[in-house]
Structures are given as structure tokens and as C-alpha cells.
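Alright, structures below, take your time with them.
Each of the next two complexes has chain A plus one other chain: chain B in the first, chain C in the second.
Here is the complex of A and B:
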């Protein structure tokens, strides 16, 4: 941030169009969301100011709680898959000598596919009519009593809608961790090996601690991403059956756009943003990362 | 003797290692390969032997979706949204990045922090207000209704990428150009823009994929069939619990994911670098 140009007019010419667009496209809707969370409005007629009533109602709404806890389970599954599998595969790649960039390129492919397509792929894999991939594999390994319509069973639907989201982004975290791992000075791990550490110890005691800042950052992004999870659960089940795969975002969406409760929907949206900010603050506090 | 044994162990290890890597790759890629395979199977074969290699490959599914024609309209809508969004993203963020990193004004630091905060904002918070705004202005179902939020949410990360790059352009260079009589505008167009070519490519490649793939904005602001983007069109061949024509759906998926695939395989270093920056610099 240490420029040298001082021409004020040119400065404004370069800065203002973008800032104005940003304020209008992102900042104004946020403010308006907060305002709407204090009103009751069904889409037509005048808005009615109701104070904190939407929030009071939210904290008494059992579906809200159900979607909150579903969202926590969704978050745990998604974060565990993205970070652990991403990290595991990145570590494996560091021991590879040939074709690394080809493997990386291919592994990343699910990240660039639209969620609608991923939704359709998994819908067909979970199905029983015709038998989908999951059920065929279960049947083949003798677990045919587990064969079921994964999206219709209230006991399996939540993991079933979480899994595709975890699966599709492992490649992105793999790329991030791989870049961090190979940027570690080779002398550091050589020194550890000279001191008698085996490969396993070098990995856990030296390499992983060294990329901890990257892990914390990606964890932050991964958690806030999961707190706003929407596309795949919405596309696969729309929160059903019942509310057994309802997440915060899908519930917000339904309240606003299916029931026309724009005020109540906004209150849930405000809750989602507050919750995301809280998660980031807590994570920074726990990891002791100073604000840079 | 011992050497031979050691060599054998080493070889086994190598094979096991390769198998592990291949297993990971199969888990990641099989669903996608399967879609392409399923799209060239006749409907009867698809339901009878869904996971076998296609026995009688056919392009009938493709012929059918092209004959139905809607997909061309959807593709065209996606192209429009992606194109206009990219132009605006690059115009706004390259100029803002220049103002924030090469001008000396005290407010810059605060503005930059305010902007980068935006990387963390969930898009859901804007859906209801924008929807209400669009319906009042009667501009639901327009290209603009999708371009506005796409550009807004792309600005923070794009500005950050430009600032990161511009900071490596030495101030002495700008000073020398100023002494030679070059205006701040000339410096931007003749020096900064050509040098930032890689940043432009990174942003264009990453956001062309992300915008092309968007579901949530399109699903909220588009209801007319004629304004649908290609991602939404994939749901055309599926009813809630009605009969899904899987053959057509898979062919449509294959068509719709082809453009992002091409961008990705041509520019994958740029795409992954941009996305990784988004996930770790928030």
C-alpha cells in the first residue's frame, strides 16, 4: 500500500466505479437483509416493522434447531473429508517422482464441475431404481442388507447429501497442501533424518507443524463454506424427507422463496452470517493467530 | 542376496504405492467418466447394464437434446452472463488494484481491509434483498440480474490478486514514466496492464468456470425458460419424482461441463492458483 502517485482526480477515476459497483451489489443487500430481518413482509403490500419478533420466532422454531444441528453434522463430514483426504493425498504426492502434475490435474477435476451435474451424478448413484453404483458395490461385497435408497431413508440422507460436497473439493485442498509441503526447505527434513527421525516422525513432527498456518487458513475457509452449504442438499433432497437433511441455507431459502416470508428468511440469513463471523473469530482465537 | 531381497521389497512398495494413487484417482474421476460413458449408451442398455462399457455406442442422446434445441439457448445465456461478468470483473478490479497500490492516499489501507473482508461473505445474504429489488425494477430473468452479484462477489478476491501483483512493480518505474511525461492513465494502460497479463488470465480462467457453474443465483433470479443458464437446464430432464430421462440428462451434463473442462485443461495452473488463493487468503 505504498504508492507514489498523488493525482487525486485520476485516483478517483480508477477507484470509484469499482467501489460503487461493489457497494451496490454486495454491501447494500447486506444492510437491506439486516433491515428486512426486523420486518414482516409477504411480498405484496406494505412492510410491517416487528422488531425482534422474527428472531424470537426463530429461537422457538424446532425446524430451525433441526437444520442447525443437521448443518453441524454436514460441516463435520465435509470438513473431515476435504481436509483429511486432501492432506493425505498431498502427502502421498510428495513421495511421488514422476507424473505428479498429471495426477494433480486429474484429481482436481471435480472442483470445476457444476453442482447441478454433481447432484445428478450422485442422485443416480444413490438410487435403487435402477440400481445405483453404491448399491451395486455393496451388493457385490456381500453387504446387500445395506442396499437402500440412500436419499429416501431418514437415517442415511444427511451423510448422503454431505458426501458429494466433501468429495468434490478434496482436490482443491490437496493442491493447497501440496504447494505448502513442497515449499518446506528440504534441509529441514534432511536435518531431522540425520538426527534419527524416520519418515513417519519427520512427517508428523516436522512437516505438518510447519504447514500449520496453511491448515488453519484452509480450515477457516472450509468451515465457513460448510456453514453456508446449499447447492447439493437443495438439489438432491430439498431438505427432505421431512426436514431430515434441512440445512440453515436451504431452510432460509424455503422460508423466503417458497413461503414468501421474506422477513423471517432474512432473519435466518443474518443468523448465518453472524454464525460464520463467530466461527472465524473463535478459530483465530483458538489457533492464536495474530491478525496481519 | 540381501541386495536382491531389498530390491524386491522396494519394487513391491513401488507397486503398492502406485496402486494407492490410482485408487484415489479412480474415486475422484470415476463418476465423471461414467457420465460420459452413460451418455453414449442407448436407454435400454443404460437401465439393464448401467456400469458396463457401452456395447453399442450411440450418439442418439446427443442428437435428441440438440434436436430439442433448448440447450443452445441455455448455452448462449451462460455465455452472455459469463462474458459480461468477466469484462466487468477485470475492468473494475484492475483499476481498483492500481488505485489502491500505486497511489499515495492514507485511506487505501482501510479500503483494502474493507474489501478483502468481502471474501468471507456468504452469497445467501444477498439473495432476498436482490430478489426484491429485481422484482420492483422488473428485471428478474435478465442477464444483468446474474451479472450484478457475480461481479460484486468476485471483486474482493480479484482486487487482492491485482494488488499482490502490482506491489512487485517498482515505484521507480512509475516515477521514471512520470518524469518522461506519462500521465497516471498512460501508466495504467501502457505499463501496468501489459505487465499484469498473468493476473488477468488467472482471474478470467477461474471466474469463467465459477460463473459458468453458478446455480444459486440463477435458481433464484431466473424462472423463465428462455432465460435459463445451462446449469439450470440440466434439471429439465428430471422431474421431482417423475421419470428422469437419464440418457438425455447425462448427454446434457457432458455438453455443459465441456467448456469449463477446456478452459481448465488449457490453463489449469492459473485456475488452481486462483482458487487456492481464494481458499487461503481470506
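Here is the complex of A and C:
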């Protein structure tokens, strides 16, 4: 075994297919998006080089800003649901002795349901015709004044499209946190208890700090995922009504494929890549500084 | 040396894995690809497959039509545009005669269908309106129709009778009918807002009644403004009638809107004759009927002129349109009408109705309305507007109809988008 790992040729054999696939499937499209962001092109005929015009236009576009701020709200809701609720469930799960696997599996199920099915399910639950689950519950508990078509109301549509995305991956983050929490040496918790810490203090002062690397990693995945959020909002509302639930990625898609502005769409795509990288850098900087 | 050789081998394997392609073509079999956007198993799809199978059998299986279907229109258009942008345009595509299609024409990528029909003596085989719908403003035509429809307002007769309502003859009467129904707690109109286009139809109505399609032609070329008198009238009409749409219409999809009407939860529903099968039972038992687009007091278009269309058309890749494909298309034209009509569909190709099929009264009535059709037809705005303005108008008309956007904002959005396109 050691002999094989010392052989550099073996590394090549295993690495090259993956790297080649990455270069063609990920790296090349990103580079081509950057290139396209400097041209004006409708998908037919020659491309016209326009320099930074697409970016200049982007920063003057009011829908771009609307999408950006919508995306921030979307991100806050999604990250709060996935990380906080995921963490809460994981902590509760550590206190369970029976049926842990069953609960984990049940909470994980939304991750494996196809996006289109989730879209249809929530579209039905938010509807007033026929009355959806949310509205039935509101009506049953006497909050009938809140009954509405959640996806048609410009005041509720953005949280309504964010919620399914948050719900969908809560179980996945719960499993990640649970795995991290149960990997903590029980002696550490016992030592804290002997020192007089109650369960709450043990959790906040001992366990959570110990799984901080996992939390930072989850936060990175969650934030970059939310910044690129597309499928559920697109399926539920296509960014509407108007641009009330427009996100950066749905706006990028519309510009490229509905408006045939491949150059402008690519400029927005480049912005999404840059903001995702920036978010990761800031997160690493903040988490690293605290450690120092 | 050994290392370099190994590296080259591994790289070659990896690259070949990535680029490994699927099937190989047999030399003696001609395969033509149709990238379609028709409902799978629908009447057009089955008719075309039937004809292709028949044609293939007559040519000893040496000819194959490969159909790749993406029925969902936005997904279809995205895939089509990606294929074309990547230089992989299929042999036959579905496309509306819209500005994007015009760009393909300008780039010399599509076959002149009008010329093809004239050259092969098939032009007069088609219904005139069906062909004119496929034409560009200059009269040229690059798409072949496979369907022919008129659009109407279906209504629930029982609800109308209950409130003593008559079929409206004018737009004002129509609004009045809606008002009465609304006051009595009945949802006047069920609307599919998810697909946007049904709402856009309401905006086209008033300008069509006064100018035919001239207003939208002027608007899209920047000669008219959405803020002109006619544009404002169109906006006001959408705002007025929008308050009578079902609650949450912006999130109501096609199937839900239709079931609302069929279940008696809404009194009216605007849709074309392609849904006649869904309406048939109600029509035959006397609960459902339809009326055509109402008039305005000083209308310049007739009561027998309203929205008619021949749907998305077939277009042919100019590079691959060879003699074999031409022969197949002529075969389609010669056989399509009869087979399609036998499925109780309105055909764009003139044909004698098959005697072995019993056509419903509803079919016959729609056919009679089609025969009585005038010369002007309301062409949907989404086939006129450039892609960017189309996206903007379709997104924002929902807000306009629901009262969440004022007329001035809407006017500015549309006018500035059109100016951008024109410039």
C-alpha cells in the first residue's frame, strides 16, 4: 500500500481523469463566462467586444440591485434555517437513545426528493385554490386574515420561495452536525460537568467551539449555495410577480436565455462567482481572526 | 520517457472518456432530427410520428425521423438557443415567427418556407389565416404551421343565468358582467398567471379593436409609446379587468385555472379551441358555452376578427435542407390535414373531413366560426416584441393586473426596453 502511494505515477493515474473532467466541465465554462462578459452577443453571428460595458450597465440596472438585495434576504433565511435549525435538531438528536437512525433518515429525505417535486409540493401548499396546507393551518388556528396566495403576494413571495430551500437541506446539515457532535470525546463533556457546567453551558462553551471547523465549513457551503440559489425560486415563481422574488441567478438566466443577452448574462454570472469567492474569503478571515 | 508515455496514455484515456460519443450512423439510413416543443403524445406529435413511420415504411426503413421533445416552452427555448449558439442547430426546429426567428433568418440559417410552398404548388393548400400568422411584417415566411386555432371566452351558463347576465357584446358590458359577478362573491375570470401569456392577451385586446396589429407593430419599432392614448387604454383595461381575476392568479398555473372554471369556481375562462376536448362535456350538457372577443364602440376590426393563431411553426435548417428532407415535408403536407382532422383537431391544411369520424357539435361550431373569420386577426404581442421587452412585459404585467404597479412605471419600463432594442 505504502509502495503504491509513494509512486508518483499512481497519483497521476488517479488524479488525471478527475482533473481533466474538472478542467472541461467546471474551469472551462467559468473562463468562457468571463470571456463572454466582455462581449455583446445574442447567440447568433459574431461576438462584439464591448470591454467593461456589460459591467457598467449591470451597476446601473435597477433590477440587478433588486435581485442582489433579494438574494441577501434569501441567503439570511436559507442560512438561518439550514444552520440554526440543523444544529438544534442535531443537538436534540444527541439526547436520543432510540430510533436515532430512523429520525436521521426521515429528516434527510427532503435532500433526495427531486427539485421539481419540491416545487410542485410547495406551490400546492402555498395556494388558495385549492386551499393549500399553510392556509388550511392558518385558517384552523384562527389566523384566517393571514390566508393568501403566498406566491402571488409581493410581500410574502420572497420568504415563500426561500423557505423550501431552507427546509430541503436542514436534514443534511443536521446529519453533519450530529456526526461532529458525537465525535467529541465524552470525557470532555464529563470534565465540564465535574467543573460545574450545566448542559446549556457545556453545549455553548464546550461542544459548539469544538465543532467550529465543521460549522465554518457548513456555513461556507450554505452561503455559496444560497448565493447561487436558482432552482426552487425559478420553478415556483420564475422571479415574479414582477421581480419580487428575482435572485441573481434567475436574473442571470433570464438575461442570457430569455432576453438573448449572453454577454450581459455572463457579466452577472461573473459577479455571482466573485461575490461567492469574496464571501468565502471574508468567512475564513473572520473565523481565522477569532481563533487567533 | 516512461513517465511521459504513461502521462500521455492516462491523459488520452481521460480525454477520450470525456469526449466519448454515443451512437454511430449507418451510411444507408438518413436520419432527420426534429427538435420539437409539442406535448408528447398530443395530436400534433402523434400525427407527425404516424406520418414519419408511414414515410419510413415506404422507403424501406432507410429514412428515420428522430424527434426530441421538450414540451415546456421556456426550457425548450433555452435548449434551442444553446444549441444554435453552439453551432448545432437541428435539421427541423419549432419556432415562432418572432424577432429571434428574424435574427436566424437574417443570418441565413432558415429555409424560405413561403418560397418552398410556392415552388412546390402547396401554398394554396393551407388556410390563409394560418399562413399569414406565420408571416413577418414584410410578408416573408420561414415557418410552417401544424395547427390552427381561434381563441374565445368560455363561460358558465348556469352562473350567468343565476345572475341574469347576458353574453357581453362590448368591452364595457364585459367589465359590467365581471362587476356583477364579483359583487355576488363569484370569481369572474380564472387566469393562468404562471405562464404570463394569458394575461398579455388582455393587453392586446383594446389596441387590436382600434388598429388591428398596427399599434403593436409601431410600439415594437419605437414609433409608438406605451404612454400613447391607445397604450394607456390598454393599460387601464388590464388594470380594470385584472381586479376580476381569481385571487393569486399570478401563482395560478394552467391546469388549476382550467379546473377552477370547469369546477364552476370561476364564471369565465379565456383559452383557445385547443382545449375543446376539456370543454366538450360541459358544452354538450349545456353548462358551458363560449363567446368571442367583445367589441369597442368605434372599433376598426369586426366582431368576426379576434385572436387566431397557427401556433409555433416548423422551421428548417438551411444547411441540411436537402432533397430527402424536402420530399418528406411535401409528404407531410399531403397527408397531415386528414390525419390531424380525424383527431377532431382544427387543421391548418385544407382537407375534407373524414366521413368515418363523428365530429362533435362543438367542433362544427368552432369550424363555422373559423370559416366566418374576417381578414384581421389579433396576433399575440409576445410574437412581436424583442426577447428582452418580452421578458419585461410578461414579468410586470402581473403586477399591473394585480394593482401592485402603477401605469407610469409600467410605461417607463416598456418604453425604455424598446428604445434599448431599437437603438
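Here is the rule we use: the second predicted complex is superposed on the first by the 267 of 292 C-alpha atoms of A that agree within 3 Å, B and C clash if a C-alpha of one lies under 4 Å from a C-alpha of the other, contacts with A are read in each partner's own complex, and residues count from 1 in each chain.
The working rule: contacts are C-beta pairs under 8 Å (C-beta built on N, C-alpha and C of every residue); 3 or more make two chains touch, one makes a residue touch a chain.
Computed from a predicted structure; not experimentally measured.
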Chain C versus chain B on the shared chain A, clash or fit after superposition: clash
Which superposed partner A:21 touches (first chain B, second chain C, both, neither): both
A:257 touches, of chain B and chain C: first, second, both or neither? both
Chain B versus chain C as contact partner of A:284, first or second or both or neither: neither
Partner, of chain C and chain B, that touches more residues belonging to chain A: B
First, second, both or neither for A:240, with chain B first and chain C second: second
Chain B versus chain C as contact partner of A:154, first or second or both or neither: second
Segment of chain B intruding into chain C (one of 25-33, 169-177 or 241-249): 241-249
Chain B and chain C contact sites that coincide on chain A, given as residue numbers: 13, 17, 21, 24, 123, 130, 253, 257, 262
Interfacial residue positions of chain A with respect to chain B in the complex: 1-8, 10-11, 13-15, 17-19, 21-22, 24-26, 28-30, 32-33, 36, 89, 92-93, 95-96, 103-118, 120-125, 130-133, 136, 167, 170-173, 175-176, 179, 214, 217-218, 220-222, 224, 227-228, 230-231, 235, 249, 252-253, 256-257, 262, 265-266, 269-270, 272-273, 276-277, 280
Residue ranges of chain B touching chain A (in the complex, touch as defined): 17, 20-21, 24-25, 27-29, 31-32, 34-35, 46-47, 50-51, 88, 91-93, 95-96, 98-105, 108-109, 111-112, 115, 118, 120-133, 148-149, 151-153, 155-156, 159, 171, 174-175, 178, 183-185, 187-188, 209, 212-216, 220, 231-232, 234-235, 238, 244, 246, 249-250, 253, 256-257, 260-261, 264-265, 268, 271-272, 275-276, 278-282
Partner chain A, residues of chain C touching it in the complex: 3, 6-7, 10-11, 13-15, 17-18, 74, 77-78, 81-82, 84-85, 100, 103-104, 107, 109, 193-194, 246-253, 256, 260, 265, 387-388, 390-391, 395-396, 398-399, 402, 404-405
Contact set on chain A toward chain C in their complex: 9, 12-13, 16-17, 20-21, 24, 41-45, 123, 126-130, 148-154, 236-244, 253-254, 257-262
